[in-house]
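Input: structures, listed below.
Two complexes come next, and they have one chain in common, chain A, joined by chain B in the first and chain C in the second.
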Partner chain A sequence: MDLDALAGCLASSACLVTQTTSGLIIGMLLFLVAVGLTLIFGVLKVVNFSHGAFYMFGAYFAMTAYQLTGSFALAMLAGAAGTAVLGLVFERVFMSRVYGADVLMQLLVCYAFVLIFDDVVRLIWGPEFKAMGMPSAFQVMPLFIAGGVVPPYYLLLIGVALVAAIVLGAGLSRTRIGKVIRAAAHNPGMVSALGINTGLIYGGVFALGGMLAGLAGALAAPVRSLTPGMGFSVLIESFIVTVIGGMGSILGALIGALLLGLIRSFGSLGFPLFTEGLMYLFMVIVLVSKPTGLFGKEAA
Partner chain B sequence: MTKTRTPGISRRSTLALMGAGAMSVAAPWVARAQAKTIKIGMPTILSGRVAQLGTSSRNAVMLEVEKVNAAGGLAGRQIEMVIRDSKGQPQEAARVARELVNTDGCELLLDGEASSGSFAVHEVARDLGVLCIHTCSEASSLTADPKQHIPNAFRCVRQGIHDSIVGGSYAASIAKAKGLKKWATCSPDYAYGRDTTGEFTLYLKRFAPDVEVISESWPKLFQPDYTEVVTKILQAKPQALYSCLWGGDLTSYIDQANIYAMFSQMEVFAVNMADYTALTVVKNLPKGIHSGNRYIKTFPTTPENAAWGDAYRAKYNEYPTNWSWQNATAVMFLAEAAKKANSADGKKLAEVLKGLTIKCPFGADGTVTMRGDDHTLVGYAIGWGTTIPQEPYVPEVKAGDWKTIFELEAEWKKSKGYT
Partner chain C sequence: MTELEAGRAERLAPVRSGAALQRYRDVLIALIAFAVLASLPLFTGSKALLDFVIRCSAYGLFATSLNLLVGYTGLTSFGHGMFFGLGAYSFGLIMQKLGVPIPVAFVATLAITAAVAAVIGAICVRLKEIYFAFVTLAFQMLIHSTILSWASFTGGDQGLRGGIPRPAFLGINLANHVHLYIASCALLVLGLLAMRQIAQSPFGYTLRMIRDNAARASFLGIDVWRAKLTVFVLAALFASMGGMVMALFVSGAYPEFAYWTISGEGIFINMLGGVSTFLGPMVGTVLLLLLNDTVTRFTEYHGIVLGVVILFFALGLRKGLLDFVAEWFAQRRDAGEGR
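Then we have the complex of A and B:
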């Protein structure tokens, strides 16, 4: 425990800026993965245990597109669009068959695909780790804001994730499609009886969730090494986010992810040997005081 | 019209089988010629995150075995390698090793396991009495601790303590020259990371007593994001950083630290940087990272080493790794020992291996020795240098001095109660 370091940081604007942006970066990437997970659970009532694979595919798709075209924008597009298509196919061909089955069956199917997807990556890209490399446009000196260090690439990353959060939030609450999705989450039988194709909604939501995880993977690709199985650790943290924020709540995923990011960045200063433990401790405290999560709704 | 043959063994096959049986009774050498091959078992890691290292071990062994077989084999017996995946799990490594000897009839073992697995395979070798050469574990205690000593096990691998002595002495000379007094460390949070970092700082402070470690970070193994670690180190404002992160963890760390311009703010000493697995993957390798040599075809700067690196690359279309040269050296030791003993018998080979010096492309002076008293490899090329972003990646490596290594290693062993 090094509370002096933590107190010293809180008193210094340079440290405060650096550690806060560091927390935002970790949190925003986590949010993109976790929001897909929570969205799929909210509408489809399925815990998509294979969600980390979409993050992995997003990163690999982006790396390949970047190697082929040299364009960062196309790489991001490939990561997002590729995983959206993959999500749609995965949902229509496999997941749609186990909606009625019990939770254990859904879990087994997802786990099987975690292993299958990892092996597919191994077959296509090889077992060794890869790196995409930072696009030359972002190979610049970091910005110094109030004495704190902020890399320009991370500003872009936070911006993209923030735009995704706003579009998603506004889209679900203010558009007709958003209303239909929320209705399908609440009462799929009634939505279906009104002549709306619920299969299409389910496929679309799964594709959207996959796309957000894929986008997170694509954004992370320039700064994280790519290996088969890279989605697993992200998945665990995403589950913590959804448990803290409340399963099915988009605002909860955002707040949960940001809190986790800040716990990591400031925790590493004050509790360097217990940073991981802090995340779980926080989860336990939330679960004990509010079992449905910070923004979760009580089951009817 | 086509004829269909009834299933089961045909009259012609029966006659052929009877003929072969009669031949082996009348001329037993024909049958013995089959048994003349010697099977060598090798558990190694062929799946999971470090599969690349296991694969490169297998490649190097096969490259050398082909040469030995072409030259007549091990004391006249052709080598047949039986290589199995342990998935990097110690219990699986032990099971595979036992099965290779008991079921597959392997007479020798090459243990291609990382440290955790090698101790498990070592116990199997102790139990079965089979000759076993460890080819990947760098944990010093495997051969330094007398409790681990058995007459039939050898280690043909670089050693953590050797690397720390050379690294500490090299880093201290830079620290003195550039006035680097405030240091930070960032290493993976498991036995290897903790031990190696502890030994490095021990020798750094011994050679440069006014050095002070002002910040320590212990990210967990295979952590995807190091942002909070990078920013924490930046807050501490050290003049130099030591890290023994390796593989994908090291390349992630470099990419993430790079965008914070960390490498322009402090001298970085990353012992595992100068390995082709990391050097060729990092897209924006900063100039001037100090690193220990792992395998690099330009150190030692001999035509033999360069030729070996090129031959490996020509055959497998990739560069060898640190595990590759160690495994190749083990096969070279076996071939030389078999020549001297004129036998492929494990016990006789073990007798000859003690204190054996062989010509080797990876030797500091063109030779390496299997030290007699603790059955471990010495005299291999070991040194530190700084990186550049393109080939040869580490243009100049400052070689470590084996005389100093031996002196300090003896002291270290005494302090640990090993001697």
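Then we have the complex of A and C:
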């Protein structure tokens, strides 16, 4: 424990800014992964245990596209589009077979794919750590805000995640497709009876969730190292986010992700060895005091 | 193959055989199983085979205790592995730091596990389904993080090193491989027998009722919270026993024992063997360990092979192996009676 370091940081504006930004980017990446998870749970009522794999594939797709084309925008596109297709196929071919089955059965199918996908990545890209490298457009002087260091790439990352959050929120609450999706979450039988292809909606939502996780992976690729199994810690953390925020709630995922990001960045100062433990402790406290999460509705 | 035969016998027995009669039969099967296992070293000198059975004992105790929660009570715990790790670490630390005889450390570890499980269980069993799963997972990771960060006491990510002393007691020397093997088998058989008694007792049927309809159980005057907490603590005790067998076997304890993947494997074993029969998890344990050992020998990409096998069970059979066998026998019997 190093509470002096934490207190010292809280007293200095430079350290405060640096830690807050690093907390925000952790939080924003987590949000992108977690919001897909929560969306899939909200509509399909399955817990996608293999969601971390989409994050991983997003990062690897982006790296390969960047190496081939040298274009950062194309890399992001490859990460998002590739995982969207993967999500669609995965849902239609495998997950759709276990709807309505035992929860354990669904988890098992996902667990199988966690194992398979990790090995597929090892087969294609090799087991060693990889780095995509920072695109040259962002290799510029960091900004100094109130004495704190903020790399420009972090601003882009936060911006993209925010835009995704707003588009998603507005799309679900204001467009026709959003309404259909919400209706399908509420009563799929009725939606289907009204002549809407629910299979298509399920596939689409899964693809959307996969795409968001893939985008997070692609955005993270320049700043984190790539390795098979990288999806795992992200998966566990985004689970914590959805549980804290409330399963099925987009606002909850945003708040939960930001809280967790800040806990991680400031916790690493005060409790360097127990940072992970802090997150789990926080989750236990939230679950015990409000089992449905901060923004979750009562059990449906 | 005694497991399979036992599962078969259970299905074919008359439904309303007396409880006492069934208990005698269970004890008899346990005695035979122990006799077969214990005589194994007489026929084979293969250390690998005995090691395999010891590992099966550790994981089998753990997986069967998880089935008390998952299969009998409908509590899908995702953090059951914490008690496996807790058992291994408590036992190892007591032996290393206090130097007491093994039975004392054994009982002390069970007492510690019971106390911890009672506290954690009291918080967890209030929650339903997926939330129960998540909060147990959170506790598991909390314990794992504590083990990692409290390095001065637990050895951190290196694990408990330097070996666990295994002084002889009552003429049993667990440093001897065959003695350790026999002791593991005895613990496995005794543990399974005890869990079988719990499952077949009136309390065991109360658990099944809670699983099927908790509201009805509550209306009939059953304190659901208390029953769930009781089975949570009981299951933790047997998981802790499994952890102790593992600690004795590897003569140490590692953070992986408390990591959530142990819980995941436990669930997987249960699904593989089947949760509707008592011995399903035991069959699953043998299957998974066999699978792991053979696959890792042939390819470094064992995740792909394991994944495909899981998919076969989840999407093809749609149930565990012993469930499948049991249903097949039931169908065949029905067809025979219909003729």
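By our rule, the second predicted complex is superposed on the first by the 299 of 300 C-alpha atoms of A that agree within 3 Å, B and C clash if a C-alpha of one lies under 4 Å from a C-alpha of the other, contacts with A are read in each partner's own complex, and residues count from 1 in each chain.
Just so it is clear, contacts are C-beta pairs under 8 Å (C-beta built on N, C-alpha and C of every residue); 3 or more make two chains touch, one makes a residue touch a chain.
In this text the structure is predicted, and so the values were computed from the model without any measurement.
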{"item": "Which of chain B and chain C A:F54 touches, first, second, both or neither", "value": "neither"}
{"item": "Touching partner for A:I26 - first (chain B), second (chain C), both, neither", "value": "first"}
{"item": "Which superposed partner A:F295 touches (first chain B, second chain C, both, neither)", "value": "neither"}
{"item": "First, second, both or neither for A:Y153, with chain B first and chain C second", "value": "first"}
{"item": "Touching partner for A:Q139 - first (chain B), second (chain C), both, neither", "value": "first"}
{"item": "Partner chain in contact with A:R97 - chain B first, chain C second, else both or neither", "value": "second"}
{"item": "Partner chain in contact with A:T227 - chain B first, chain C second, else both or neither", "value": "first"}
{"item": "Which of chain B and chain C A:E276 touches, first, second, both or neither", "value": "both"}
{"item": "Where chain A meets both chain C and chain B, residue numbers", "value": "273, 276"}
{"item": "Contacting residues of chain A [partner chain C, same complex]", "value": "47, 94, 97-98, 101, 103-105, 107-109, 111-116, 118-120, 122-123, 236, 239-240, 243, 247, 271, 273-274, 276-277, 280-281, 283-284, 287-288, 291-292, 299"}
{"item": "Chain B partner contacts - residues on chain A that touch it in the complex", "value": "5, 9, 15, 18-19, 22-23, 25-26, 29, 127-134, 138-139, 141-142, 149, 151, 153-154, 220, 222-227, 229-230, 233-234, 264-265, 267-269, 272-273, 275-276"}
{"item": "Sites on chain C touched by chain A in the complex", "value": "70, 76, 123, 126-131, 134-135, 137-139, 141-142, 145-146, 148-149, 151, 260, 264, 267-268, 270-271, 301-304, 306-308, 310-311, 313-315, 318"}
{"item": "Contact set on chain B toward chain A in their complex", "value": "47-49, 51-52, 55, 216-218, 220, 222-225, 227-232, 234-235, 247-249, 251-252, 255-256, 258-261, 277, 281-284"}
